[in-house]
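Just so it is clear, A, B, C, D, E and F label the chains in written order, and each chain counts residues from 1 on its own.
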Amino acid sequence: MSFTNPLLDAWSRGDDTLGVWCQLPSSTAMEMIAGVGFDYACLDMQHGLIDYPDAVPMLQAARAGGVTPIARVPANDAGTIGKILDAGAMGVVVPLVNTPEQAARAVAACRYPPVGQRSFGPIRAGMLIGSRDPQELQKVACIVMVETQEGLDNVEEIAAVDGLDAIYVGPSDLAIGLGMAPGYEREEPAHVEAIERIRQACAAAGIAAGIQTDRGDMARRRLDQGFAMVTVGHEAGFMKRMAQQELDTARGG
Amino acid sequence: MSFTNPLLDAWSRGDDTLGVWCQLPSSTAMEMIAGVGFDYACLDMQHGLIDYPDAVPMLQAARAGGVTPIARVPANDAGTIGKILDAGAMGVVVPLVNTPEQAARAVAACRYPPVGQRSFGPIRAGMLIGSRDPQELQKVACIVMVETQEGLDNVEEIAAVDGLDAIYVGPSDLAIGLGMAPGYEREEPAHVEAIERIRQACAAAGIAAGIQTDRGDMARRRLDQGFAMVTVGHEAGFMKRMAQQELDTARGG
Amino acid sequence: MSFTNPLLDAWSRGDDTLGVWCQLPSSTAMEMIAGVGFDYACLDMQHGLIDYPDAVPMLQAARAGGVTPIARVPANDAGTIGKILDAGAMGVVVPLVNTPEQAARAVAACRYPPVGQRSFGPIRAGMLIGSRDPQELQKVACIVMVETQEGLDNVEEIAAVDGLDAIYVGPSDLAIGLGMAPGYEREEPAHVEAIERIRQACAAAGIAAGIQTDRGDMARRRLDQGFAMVTVGHEAGFMKRMAQQELDTARGG
Amino acid sequence: MSFTNPLLDAWSRGDDTLGVWCQLPSSTAMEMIAGVGFDYACLDMQHGLIDYPDAVPMLQAARAGGVTPIARVPANDAGTIGKILDAGAMGVVVPLVNTPEQAARAVAACRYPPVGQRSFGPIRAGMLIGSRDPQELQKVACIVMVETQEGLDNVEEIAAVDGLDAIYVGPSDLAIGLGMAPGYEREEPAHVEAIERIRQACAAAGIAAGIQTDRGDMARRRLDQGFAMVTVGHEAGFMKRMAQQELDTARGG
Amino acid sequence: MSFTNPLLDAWSRGDDTLGVWCQLPSSTAMEMIAGVGFDYACLDMQHGLIDYPDAVPMLQAARAGGVTPIARVPANDAGTIGKILDAGAMGVVVPLVNTPEQAARAVAACRYPPVGQRSFGPIRAGMLIGSRDPQELQKVACIVMVETQEGLDNVEEIAAVDGLDAIYVGPSDLAIGLGMAPGYEREEPAHVEAIERIRQACAAAGIAAGIQTDRGDMARRRLDQGFAMVTVGHEAGFMKRMAQQELDTARGG
Amino acid sequence: MSFTNPLLDAWSRGDDTLGVWCQLPSSTAMEMIAGVGFDYACLDMQHGLIDYPDAVPMLQAARAGGVTPIARVPANDAGTIGKILDAGAMGVVVPLVNTPEQAARAVAACRYPPVGQRSFGPIRAGMLIGSRDPQELQKVACIVMVETQEGLDNVEEIAAVDGLDAIYVGPSDLAIGLGMAPGYEREEPAHVEAIERIRQACAAAGIAAGIQTDRGDMARRRLDQGFAMVTVGHEAGFMKRMAQQELDTARGG
């Protein structure tokens, strides 16, 4: 019986997936958030406060809590990508991919020869996936971020890279790249069009389109727009926002 | 210039204080929550997932974020109380205090001879308080919990113990002790009256009355009832509740 | 639907349970060992190198790996017992219980009023057990160790303590207490008889009898003798023994 | 070949020992300080910022760096004492011992039956000592602190407790107990005489006398006075003092 | 109101800054050393024993203790630089910069488009700086190290790179690069002249010149020579040196 | 007196060395395994669950336990290699080296100018090696892995790279690279011949040949074949295998 990656499976069926971004280096926060019911939880090792030693117990806690964990790596680096996949991440989000060559490099870091160049040693992944067969082990989601003007210019070629599973939009970086202030849902037409162009490039290539939001209603709009991988927010933001709201209620009467 | 403990100072002025309960062993969660504006943050070392090695960086993060940290210890034990005070907690919450003798023991663990029996070695506390004078160092809040039938029966004597700063109500344990299901605001008269009796005992003794809640509106009601130390909720609960709410919004559309 | 504790359930059905003792403070070792198929994994917080901050991710890893975790606490202390149960241990092993009063104290630390005196705050346990009902939450195994001459003298009264789930034999401490060298299967009749007396006391009281071994064949013998909770060895011992064996093979040819 | 505890061995030969107090929870600081050449390094688990999970790698680092590690525990508690001895501390310093009964309790926590009541499970100690023979394993230094008026009144009886290896003076607590400000070398005759009385009680009982200082010249004076176990200072204090001195030099020209 | 980076501010005013190098992975050591009064504390993630998971609580402790933290990264890598800046470092020291292109790469890692290529996600930095405006967030010190013959040959072009804030001299690496033994203040004219050449290149470019020392008097000489960013030593060295000195005093009498 | 690296020394004498691969991030597991008697212990920072903050206490534990530690780094990156050598690894294993240029880059990361480009700052290494002389400090083993078709094609040129100490075979990656399933001892002639070709290239170049196995008997065969650096297995595998074996014995009777 072969392994099924829940994310890849959902996308191949055309199903939506809703996720959470994790920035606290805490297995306990991860286990709690895993119980909420998200389809995926992404350990943010780029901008979050999480590094590899924090990630291992978080991946264990994600398994305990029953959510599919993926990880955003700080850079498009084969050693880093292979290491977090061996530890059991079911996919990687690779930032700042601007060209099809860079996208192909990300894919190669996720797959074994002859397809890619990943090194073999699936210490935790083998345990989770229940196999040491490279064909099974490489069923991990390779997701690249398009978030610069250069990436946008190349998005159709990027989307067409063989073996890529999704493109994920970082709206704030994209905004900065387009000369705007950072923001999730900028109203400038250039921002709106850029996001829609990325989504269409994914649709044309038959891969999933993903995007970051920080609220449920915004996430809903992105689902409706046709994004299949939508992040609802990050756990630290949820914590702070609710704390502020309840404290204000207590203070304000 | 002498040290002023913000909590003791507020209570002596008759001011209310609103706090947060911390259960995640994470200095990052603490620093973030500290920025929200609570008057105190209590490291829950009894029921939370926090132990001493987690507490030290959390106390540093509380200082960084600008909130007054206190700690709930797992038991009325002088070694444990002294150790967390030396590490810089500005007060302790001591659970399951049922008699005036037990309350006096908690007080003695917070003060140096001849008043109490605390051992001298204020490694971080001396740095924070800016003094190694025992008189200054012992300006920490000694808060005991009344949460059993026996404690309730003795509450007036407990409140009268010399050197005690506050009594804190654990409504769920109190409910269980009274034969009810756990809950913050039980409607049974026995629960309502027990809480009011504790508050009045504090008022009569001239010490602060404290209580746990898990929402802003409930906290508001407790302030209005005359509690001076009201916890609005815990950070893990805030995180989960908002995550659920936003996910439901995203799902439900 | 009510919660079922796998250990209590097995024992009530008369089924045997085989376990592993964990002494390495490592969530990764725990997750790996959990996959081997033991019925329980006991975090040894008395003689192992594990303390509370290590235990939390280990309990998460046990959940991830699918084994029922219990914990041996360093002492018969209500604060310590409650804290590890709140963190999700499904039972506690309490050392050095010599009298029925001490056994009753251990039981009281595991159950809520009116049965016991456990304080309410099931932070992780509530998540695992899927309930905040005290009746459900207190379905944890209370296991006490009889390992001294005094304990042996009182073993029938200890076994009869209401709410006790099992007595666990520490053969080495028992041997030292009887004036022998430490060992798992001493041949002296006094040791053999002491162990059998404990087993019979459990049988008479209708509770499980447990015992430590450090090899599979010894564990088999204890099962055959009528012990229902048999520990096969500890993970650090497994690691060292196999490492030595393979190195000797490599060296010796 | 039997194990020799370097501290017990030095004291039995009448040799002086000079040590360092460790308060930073850092195996790296420990390893570095171990290389300086002290006879012992004491992990201060009472007033230092060190708890059990920090202590284990510190004990490993002490072994790596070649210094004899001991530990000051937060309280006279058998579970805590046994656990740190099992982890490889070569002795314990037990605070606030005021009576011969309390001293006997500390001794009993260090020795196996029939002498004491220590539980058997020398996980790291067995590896270090190279034996699982209780006779060898219990060659650990049992050091109690006399630091209150009551302790002083009983010091001769305390010193005479069978199995005790040393009495250690905490000059600051002793000063507070005598109604003075804390300090290492108070000039008040009562303080001077109290310290000398403790030293003489040790001499009369044939055990080592120990004392805390925070400078090399003060340590020298205590050696000259007849103390055999003299702590020169703590590593955090060394770090801060030299940092201040060098910064002042850089600033002041 | 806009954010002011204390280091950049001092240098723009022509003020000297004195700092400490941190090599112990300990938030407690950092908080203590922060209290001494240095202008900056640099987390040495290249040669120190500090990695990202250690750095986060150290940055929190630096904030708590009131010192401006910067970090030396192990390599000129955009992912690493961005991650530590997001975590709240107020500047980075980038080793082994040998060409103006490499210096420009370091600058680009510190600034957002269109100036640089930093990715947006200021998780802790936004909290500290009190803004999510890229203009405010990029007020971090970009400091590159010139420490090879090639770097020295290019130092004037490096100093002229737009957006660079300082050049920092590693005297030991420079000595090795020039064929000498490592050392802070080599007497060979080639070493003396190289350091002076770097300083003059900085002066000509209007940026700060920085240098490593390990004593207060040496730091004083470097200030007098015209260096504006002078490190007085590292905390581990302070600890060991004072420990040795006090032990020698105690031993030698 | 100059420093002698035990591994380099053994290889120069023509002696065999047997080692263990460490994948658990645990200083305790390392110290225990170190006591078994292996010639080297390799911290697997590529496929193991170990990162730098875990590695530091593991290197301390290796020193404590008396085994020569080396580290496999995740990539051929100078910053990573230098950092783990500064922390006291006595050699590095560099994966995926396919060309003599890549091998020369690995060598350069291990040696100081003028031979290589390593940056100076031997924080722990200087303490272990007892010297700050670059000539002494660079006596670390530079070991590269040949594990792809490209590497195999270039193996003679790689082996001839000046300053290289050994080539290490990763049999599973090599198998995948040759189009086979992963495995330690594949029977396909192409695999057998590839391994023998690598061994002969090492012999011709006068450097050590190393290889991974996972059992003692396989290690014995590799020694007999002429490999001088043979890994017997990894500690996590030892633990799991023995646990399974003993549990099966207990179950199966």
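Rule of thumb we're sticking to: contacts are C-beta pairs under 8 Å (C-beta built on N, C-alpha and C of every residue); 3 or more make two chains touch, one makes a residue touch a chain.
The shown structure was predicted, so the numbers you read here are calculated from the model rather than taken from an experiment.
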Can you check whether chain C and chain D touch via the same residue numbers (shared by over half) or via different ones?
different
Need the CA-centroid distance for the pair chain D / chain F, whole Å please.
41
Just how far, in Å, is the C-alpha centre of chain E from the one of chain A?
34
Based only on mean CA positions, could you tell me how far chain A sits from chain D in angstrom?
53
In chain C, the residues touching two or more other chains are 25, 28, 32, 35, 49, 51, 53, 56, 77, 124, 236
Mind giving me all the chain pairs that touch?
A-B, A-C, A-E, A-F, B-C, B-D, B-E, C-D, C-F, D-E, D-F, E-F
Which positions of chain C touch chain B when the two form their complex?
51-53, 56, 77-80, 82-83, 86-87, 112-114, 117, 119-124, 132-134
Of all residues in chain F, which touch chain C in the complex?
18, 20, 24-26, 28-29, 32-33, 35-38, 49, 215-217, 219-220, 223, 230, 232-233, 235-236, 238-251, 253
Quick check: in the complex, which residue numbers of chain B touch chain C?
23, 25, 44, 46-49, 51, 53-54, 73-75, 77, 95-96, 147-148, 170, 172-173, 176-177, 179, 181-182, 236
For the complex, which residues does chain D have touching chain F?
27-28, 31-32, 35, 56-57, 60-61, 63-64, 124, 127
